[in-house]
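Listed below are the structures to be examined.
Two complexes are shown next, each including subunit A; its partner changes from subunit B in the first to subunit C in the second.
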Partner chain A sequence: MQSNAALEYDYTVAKLYTYTAIVFGFVGMLIGTLIAAQLAWPELNYLFGEYGTFSRLRPLHTNVVIYGFTVSGVFATFYYSAQRVLKVSMAESKFVNGVAKLQFVLYFIAAASMVITELMGITQNKEYAQMEWPLDLLIVVIWVLWGVAMFGLIGIRREKALYISMWYFIACFLGVAMLYLFNNMAVPTYFTSGGVGSIMHSVSMYSGTNDALVQWWWGHNAVAFVFTVPIVAMIYYFLPKESGQAVYSYKLSLLSFWGLMFVYLWAGSHHLLWSTVPDWMQTMGSIFSVVLILPSWGSAINMLLTMKGEWNQLTENPLIKFMVLASTFYMLSTLEGPIQAIKSVNAIAHFTDWIPGHVHDGVLGWVAFMIMAGLFHMAPRMFKREIYSKKLIEAQFWLQTTAVVLYFTSMWIAGITQGMMWRAVDEYGNLMYSFIDTVTVLHPYYAIRALAGILYLTGFVMFAYNMVKTMTSSRELSEEPQFRSPMA
Partner chain B sequence: MFHWLEKNPFFFAVGVFLVIAFAGLIEILPNFAEASRPVAGLRPYTVLELAGKEVYKKDNCIACHSQLIRPFKAETDRYGQYSLSGEYAYDRPFLWGSKRTGPDLHRVGNYRTTDWHENHMWEPTSVVPGSIMPAYKHMFTNKADIATAYAEAVTVKNLFNTPYGDDIKAGKEAFESYKPKILAEAKKIAAEMKNQDVKDAVAKGEIPEIVALIAYLNSLGDSRYAAAK
Partner chain C sequence: MGLRELQGYASFFMTIFLVVMLYGYIVYLYRSEKKGKKDYEKLGKIALDDEIDSAPVNTSDPLPDEKKEQNK
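Now for the complex of A and B:
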């Protein structure tokens, strides 16, 4: 079956998603930087009337970076790497290629509609599931199309055994499908009320505590299946490819994969500690969060050990730097999460800035680093040109690393400070601080975080510039690079 | 077994699905019915309050405000009695939030007044010096969507047995004949406000978002138990 003749892969769809990843990445991070600055300097809330307040923009920031930037990155890397690990070109099946292109068109329509409706305040108001029911239906279609393309490609594959990255992409597909469907169960009120009111409005099928449980079963596992699972798929593909090293341990990847699948879903209730959900569920959430360290670190260590004996590449190749640091931030983030899921720590950490701090060492340090490294690796192969500037990547790396460190350290301090002040009592047992005292004290940390945002955004602009230059005016390559991506 | 799975994508996918699905079943299902029951004497939100909840959602107040008082002395001292599951039985969606850039609001109706909210939403620093909350002046001119709020009340009554009266029923005529009741409630709120544009609008039969929002905020707390007391 297998032939050694080089296949001509078709990167049309991978390129399209690369473009949207760059555009949405910039937009999402720009909004993020603006809302970070608004907390330090509230006058910035009034730039765009009712559409520019922190509260209206915050879900736009999260949705654009998750469903715009990250999901574009996932699709781009999937449509690039799946062909290669399955040893089959998209061009070999008109059907699969057509489905993938249709998926992109619908994806772009959905993403644009998401931005518009959220600016207008049309929202289900469930975190990371704000989109109203017509958009939810569109997303189901997009997701099914992805599944058709994925299993279509698998169906005509030449390489019979699925590579590790494919395990994770399949899990991403299934996990998000299940969670998204159940969390977004809602009744459109227009049809049940005899045509009264807005057609866009729906009401959740779950109420109160049940809604909270379903929502955080989703919210936590959206993190699992969008920010972890497909990103692990990327590192398992791109790190060995870029370094020329074989994955350190197959057994470790098995253990990490099935462990992650089994454990992750249980941990959702750690978002609801000390709430009105039953105690035993909270404790289950805590315990499984701690257990989650094992499969998470399993993957990360497997990746770090893949570099065994080749650590010199870390100084020579900036893409290896990005991926190794991504892996390291993944370890930091997956240790920090379980710590926050311990009930006594959570009592201080919950509701404070330590939580966005935790999220961002994961998303900035792990998710975005890995996506950018992956796209950099793909560029010379897709566009047949060398990467425009190595110096620019180096500068971007240090700028963004500094930004991540500033972000999470300032938010750690802010969060713990505020958590401690909320509970501080004087010698008579009275609360020591009014709420506003615990807000004004955070100003310097909010200012540092805004600065971190500006630095990271600047780094992203450098990435975008480097990519555009690579696509358009860099030196052309006569043959495909084997391992290390060529860069000027 | 794993080698075999890796060569059989269908069974691989089935395996993954089983492994990820059952945590949800075990953690969510057993308590589902019990967690849907309201505490005794709790009334559902009025249509005006529902319209206010829509304003709360539209401007995404949960970005900075929680509605969940945890069972710690520091929290009950600051916000009142810790939250009970049954108090949320009519909350679709739940609005607990996940971040307190501003204070908790689960019982804000017990200690803030219409007047305070009016000043605060117009210019937060006028009542809380140092506040970083933006002003929401557009709520004083935008009109609340009471038709959609009414549609929601009809829906939850018919589908989820939320105890509304017989006057809440499907159809545009039913909504038109219910409207005066919503307006009467809005007038009571407007009477306690001082913004002349808001008062004029309500007198004309229109309900600015701020009026609905204040009705909702006032309902957070003991006032929704008034019937039982």
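Now for the complex of A and C:
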């Protein structure tokens, strides 16, 4: 180990993705808050001409928070934690380091292009797959580069056993690769029509119900392999490391992993209940969605049990607070999803505000909490400075927790009210309410959601401020903290 | 038997096969640890002891070095 004495982990790429996670997180949540307010106060649609309308900004919001914020968070935490659990530095391979840096440059170009093209209204019109074909091609290159960096790093590792986080990162890589390719199969019309129309335009290679099925095979598994799998990878590394407690049951983590891989891919058709897809496929989507509770709770309970005997840390360390609440929201969200996938429940829930309510207790409470906690944990190690302010993290935690609760409770009430009103019939079988009746009733809940957005965004600004201050002016550390992250 | 029916049977039996594999894996994990052949729990230390110069855990084999000696 003599030669390793001066060797250190190289966090250059992890830092770059940390910066983009902060920037895209702010932009994505700002747009989200604006469109939430637009639903309550429609006049806000006309602030910036065509560029400020709900229809233009809604896909931009989802894409920026998914592919800008979350994916940056995934890459940042991967390039940080993979080195550590594999016990190999990026600096040890110029090739791997070069590939990772190239991946970041292309990622930034793609993400910026995504924002510009979607703001211009250039879109494939498929949910979570709005980017047009030239960007899709670029994303394939970025993803392949990530794979090269990942397996390159694995190839030169010192730690022969792959820690469970790595399994999840590999699953994220493989799952997204397969699904993204299939869902984005499209024909660029400019070339096939002999130069007619826009060069950016394309038509899906699938049509009708098949297109819907492939779309939701992707759509739901984007939730699986972008919002779940890499976030589970994060919590399996960051919670044990921050708390100093090894994962409660390593075997349970392996079981949950294979259970999740086995079940998740089949659940996507629950997005198409009561639609034109075959009935057996709808039933299969329902059943697999309910079974999905088991592997999801397997990981979440494993994380909570990791804190066994160490629950005092929950009050002492705000990062543990973030991670434990993230795990709890993961449990809530993965119970709520299967409930919504039951056909009879879905008859009321489908197309209502309960669905974005469900999505947001998952993404705000689980995904974003976990990413922010991960980045906070990384900051003192990457920048060799203590976290700027513990008080600010505490305040951010309570502000954002309040925001998440306001968001999902208002949307639960709004969604169920909406679903019931749509189905209500009078004694002659006529519909009792028109669409605008529901909008009038739901207005207060939309206002509450907009308030929740403002609170969560404010919390994110506090996070960004705390991170920037940590990078630039916090107290320098003489040595790397082993477990608990130091904070002023 | 039409193609669709064949697809239905194929899907059903593949699901059964994968369920058997998954449960078989669970049994394997617990049985091999009970018999002392494996120690999966020590892999959890990889996240805690993750300095670049830390000794690698390397394997779920409970006594890898001694066993290597025995095999010589």
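The rule is simple: the second predicted complex is superposed on the first by the 481 of 488 C-alpha atoms of A that agree within 3 Å, B and C clash if a C-alpha of one lies under 4 Å from a C-alpha of the other, contacts with A are read in each partner's own complex, and residues count from 1 in each chain.
Just so we're on the same page, a contact is a pair of C-beta atoms (placed from the backbone, for glycine too) under 8 Å apart; a residue touches a chain by one contact, two chains touch by 3 or more.
These figures come from a predicted structure and were not determined experimentally.
Legend: residue contacts after superposition of the two complexes on their common chain; A:Thr189 is shown touching subunit B, with no touch to subunit C. Using the contact criterion defined above for the overlaid structures, shared-chain residue A:Leu265 touches subunit B, although it does not reach subunit C. When the two complexes are overlaid on their common chain A, residue A:Arg84 makes contact with subunit C while staying clear of subunit B. In the superposition on chain A, A:Val247 contacts subunit C only, with no contact to subunit B. Shared-chain residue A:Ser275: touches subunit B; no touch with subunit C.
Residue contacts after overlaying the shared chain place A:Phe69 against neither subunit B nor subunit C.
Touch criterion met: A:Glu50 reaches subunit B, while subunit C stays clear of it. When both complexes are overlaid on chain A, the residue A:Trp412 reaches neither subunit B nor subunit C. Of the two partner chains placed by the overlay, neither subunit B nor subunit C lies in contact with A:Trp146. Greater residue coverage of subunit A by touch, when subunit B is weighed against subunit C, goes to B. Taken together, the two complexes place residues 160-161, 254, 258, 262 of subunit A in contact with subunit B and also with subunit C. The touching residues of subunit A, counted against subunit B in their complex, run 38-39, 42, 45-46, 49-50, 53-56, 58-59, 121-127, 151, 154, 160-162, 167, 170-171, 174-175, 178, 182, 187, 189-190, 192-198, 201, 203-215, 217, 254, 258, 261-262, 264-266, 268-269, 271, 274-278, 281, 284, 288, 347, 350-353, 355-356, 422-425, 430-431, 435-436, 439-440. Chain contact summary for the complex, subunit C toward subunit A: residues 8, 18, 22, 25-26, 29-30, 33, 40-48, 50-54, 56-60. Within the complex formed with subunit A, the residues of subunit B that make contact are 2-3, 6-7, 9, 12-13, 16-17, 19-21, 23-24, 27-28, 31-32, 35-36, 54, 57-64, 66, 68, 70-72, 74-75, 77-78, 83-103, 128-136, 138, 142, 145, 147-152, 154-156, 158-160, 170-172, 174-175.
Taken in their complex, subunit A has these residues touching subunit C: 1, 4-5, 7-9, 83-85, 87-89, 158-161, 163-165, 236-237, 240-241, 244, 246-247, 249-251, 254-255, 258-259, 262, 280, 483.
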